[in-house]
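Chain IDs A, B, C and D follow the sequence of writing; residue 1 opens each chain.
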Amino acid sequence: PLPARSALSAAEILRYSRQLVLPELGVRGQLRLARSSVLVVGCGGLGCPLAQYLAAAGVGRLGLVDHDVVETSNLQRQVLHGEARRGRPKARSAAAALRRLNSAVQYVPYRAALRPRSALRLVRQYDIVADCSDNVPTRYLVSDACVLAGKPLVSGSALRLEGQLVVYNYRGGPCYRCLFPEPPPPDTVTNCADGGVLGVVTGIIGCMQALEVLKIASGMGSSFNRHMLMFDALEGRFRNIKLRPRKADCAVCGDRPSITCLQDYEAFCGSSATDKCRSLRL
Amino acid sequence: MAAPVSLQVEFGGGAELLFDGVKKHQVTLPCQPEPWDIRSLLKWIKQNLLKERPELFIQGESVRPGILVLINEADWELMGELDYKLQDQDNVLFISTLHGG
Amino acid sequence: PLPARSALSAAEILRYSRQLVLPELGVRGQLRLARSSVLVVGCGGLGCPLAQYLAAAGVGRLGLVDHDVVETSNLQRQVLHGEARRGRPKARSAAAALRRLNSAVQYVPYRAALRPRSALRLVRQYDIVADCSDNVPTRYLVSDACVLAGKPLVSGSALRLEGQLVVYNYRGGPCYRCLFPEPPPPDTVTNCADGGVLGVVTGIIGCMQALEVLKIASGMGSSFNRHMLMFDALEGRFRNIKLRPRKADCAVCGDRPSITCLQDYEAFCGSSATDKCRSLRL
Amino acid sequence: MAAPVSLQVEFGGGAELLFDGVKKHQVTLPCQPEPWDIRSLLKWIKQNLLKERPELFIQGESVRPGILVLINEADWELMGELDYKLQDQDNVLFISTLHGG
């Protein structure tokens, strides 16, 4: 974590005045936000609104991970990247846009995919991780790294007109593998390129992820530990689903884990974390 | 003989695409000697609702990895999974988990 | 409405490809978005995310109404305005930020409060109105103008850790006055300056408003006609409340309306639409 | 004599600030000769839950303008308003409408 501070500056009190008056947050909560660091895995449809509201609220440091560059087809939902940023790395484009909104936050862009070799070292440097990725191997990688590093994981996903959100590995709750011990068969997985996604659905889920990160960082606790938020945009309906507890026989967070270091997640899932065309040619 | 059981069976997260895109199905399971459980419901769905490519939904006698089963808005793990005895008016939701972002 | 078009350009097909593949939208829905115009009343906490996702999705024209200038205390939630925009009119600041995201949309900034004298003429020029305002007189004014002009109104509001959304005057449903025939006593009304608001709550409600605007504009219909979405951020809970139908005795949308032109809403509500300190000194 | 009625009474949108900030109240209304309706519930709330400044919540025998009353997640207008006869286990929600943005 970042160094603790004992007081806010006059400029900070003015800037954050609308949230400082909330009894649930207050100066104490704001000081907690200011010393929190959040790793954002993926600067796409979910990562853009998430990072935007975390920066606006005054978290201390944002790590921004994305190996990709901005493309025209991203602009329909990836609202931090403008037309002029096409061809530029998303992590840097996001950092530049966020700096205009709040220059007091530290931004650390990582222009690379999260990799098994380096993920654990990276995750250890942050207090909270937000999974805004778009593929199955990365979701297992992020979750395992969070379990091994002991960090809460605020995970969002969206496709077509639906979205889902769960907080994993938080206060004794389940991890991603507790819910999904086996990866889905590769040919059952649809990505946003094939299935499409309405941009504002990623906006809604990304904002909900930002809310849960802010609640965890400020000490309010999360509503989605052991619960999944499911959203159906066509019906305008949200459901809160009660999930299983942590599983004692989970391969990574269980009582006798078989996974004690990060693996080859692309082989495990039979699909690629970075290809536009996901299926591994084995 | 167990009485007939009426259920609302729902599909989401893309699983509905295996069922003509229909998310909500009102289903009445016929009388049978044994009580209906999720195991027998899956067989019934495979025979009666699932038109093509059952391997995208069913694996062995259970659902394929990546599909969550929710009984009355709770994870089926909390309810006995395949052995859960269906009650009249239960809601059973099969949701494909999403990975896009 | 804007002129109808019969086809998308190759650049548009690339840009909107992720939503064009959605059967619920498709080329037909995208062409409807492209000829839709939306009036955004208020470029603050709700208006910023709303306009962002409407611009990204490719609506044809966005009217942006705000009389105010960007202040430091806005930046905690009004994510279109950067630090460098402080002191600049919000309507123009928003238009400049949106233009960077999607230059193909027409932006019409109005640097003035919505006023009874001019509101009806303005509302008539748009297909859909989004109420992103922050005070009671403006909410009655916008609603009455929408009834008189026959336009659907997507209304959002947020305070502290809660948010609400209703679609009014749509497909025979109720208007704001059907629900609230009498304004609240001025001393029972709390604004964001006094009560505070967590920025991302306005983000979530603003995104939900954008979703409903997009559904209405593209022909999918709205989920919140005669329904209110209530959101409690601390509990992470959304509720869909069933509302009354249009009231036959409503003063403005009823069978024999007594209100046939716009009124003095500040006098009606006993409060100001533009003062920072809302109470009218009568 | 009507039997005692147990309700969940909820406040939101800031209305809870008149009730010590508590949003959810489990309430048991005592036996009385006539059935409980919303009109008598409001009187009971005024006497038993509402500690100060009742004019911010009650106006005459109803709620003040700007407060929506929801009975089991539906607008009270659909249910008979003040005359709605409360049932055991009903949920009654008083929500102050928000105007901020």
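We take it that a contact is a pair of C-beta atoms (placed from the backbone, for glycine too) under 8 Å apart; a residue touches a chain by one contact, two chains touch by 3 or more.
Labels paired with UniProt names: B, D = Ubiquitin-related modifier 1.
The structure presented is a predicted model; accordingly, all values stated were derived computationally and were not measured.
A.B. asks: On a C-alpha centroid basis, what's the spacing between chain C and chain D, in Å?
C.D. replies: About 30 Å separates the centre of chain C from that of chain D.
A.B. asks: Taking the mean of the CA coordinates per chain, how far is chain B from chain C in Å?
C.D. replies: Inter-chain centre distance comes to 40 Å.
A.B. asks: How many angstrom between the C-alpha centroids of chain C and chain A?
C.D. replies: 29
A.B. asks: Pull out every residue in chain A that's touching 2 or more other chains.
C.D. replies: In chain A, the residues touching two or more other chains are 160, 192, 195, 197, 240.
A.B. asks: Residues of chain D that touch two or more other chains: which are they?
C.D. replies: In chain D, no residue touches two or more other chains.
A.B. asks: Chain contact graph: line, ring, star, complete or other?
C.D. replies: If you draw each chain as a dot and join those that touch, you get an open line.
A.B. asks: Please list each pair of chains that are touching.
C.D. replies: Here the touching chain pairs work out to A-B, A-C, C-D.
A.B. asks: Where on chain C is chain A touching in the complex?
C.D. replies: 11, 14-22, 24-25, 49, 52-53, 56-58, 72-73, 75-77, 79, 82-84, 100-103, 160-161, 192-201, 203-204, 207-208, 210-212, 214-215, 220, 222-224, 227, 229, 233-238, 240
A.B. asks: Sort out for me which residues of chain B touch chain A in the complex.
C.D. replies: Residue list for chain B touching chain A: 12-14, 55-56, 64-68, 70, 73-75, 77-78, 95-101.
A.B. asks: Could you please specify the touching residues of chain A with respect to chain B in the complex?
C.D. replies: Residues of chain A touching chain B: 42, 44-47, 132-136, 139, 156-160, 162-164, 179-185, 187-192, 195, 197, 202, 228, 230, 232, 239-244.
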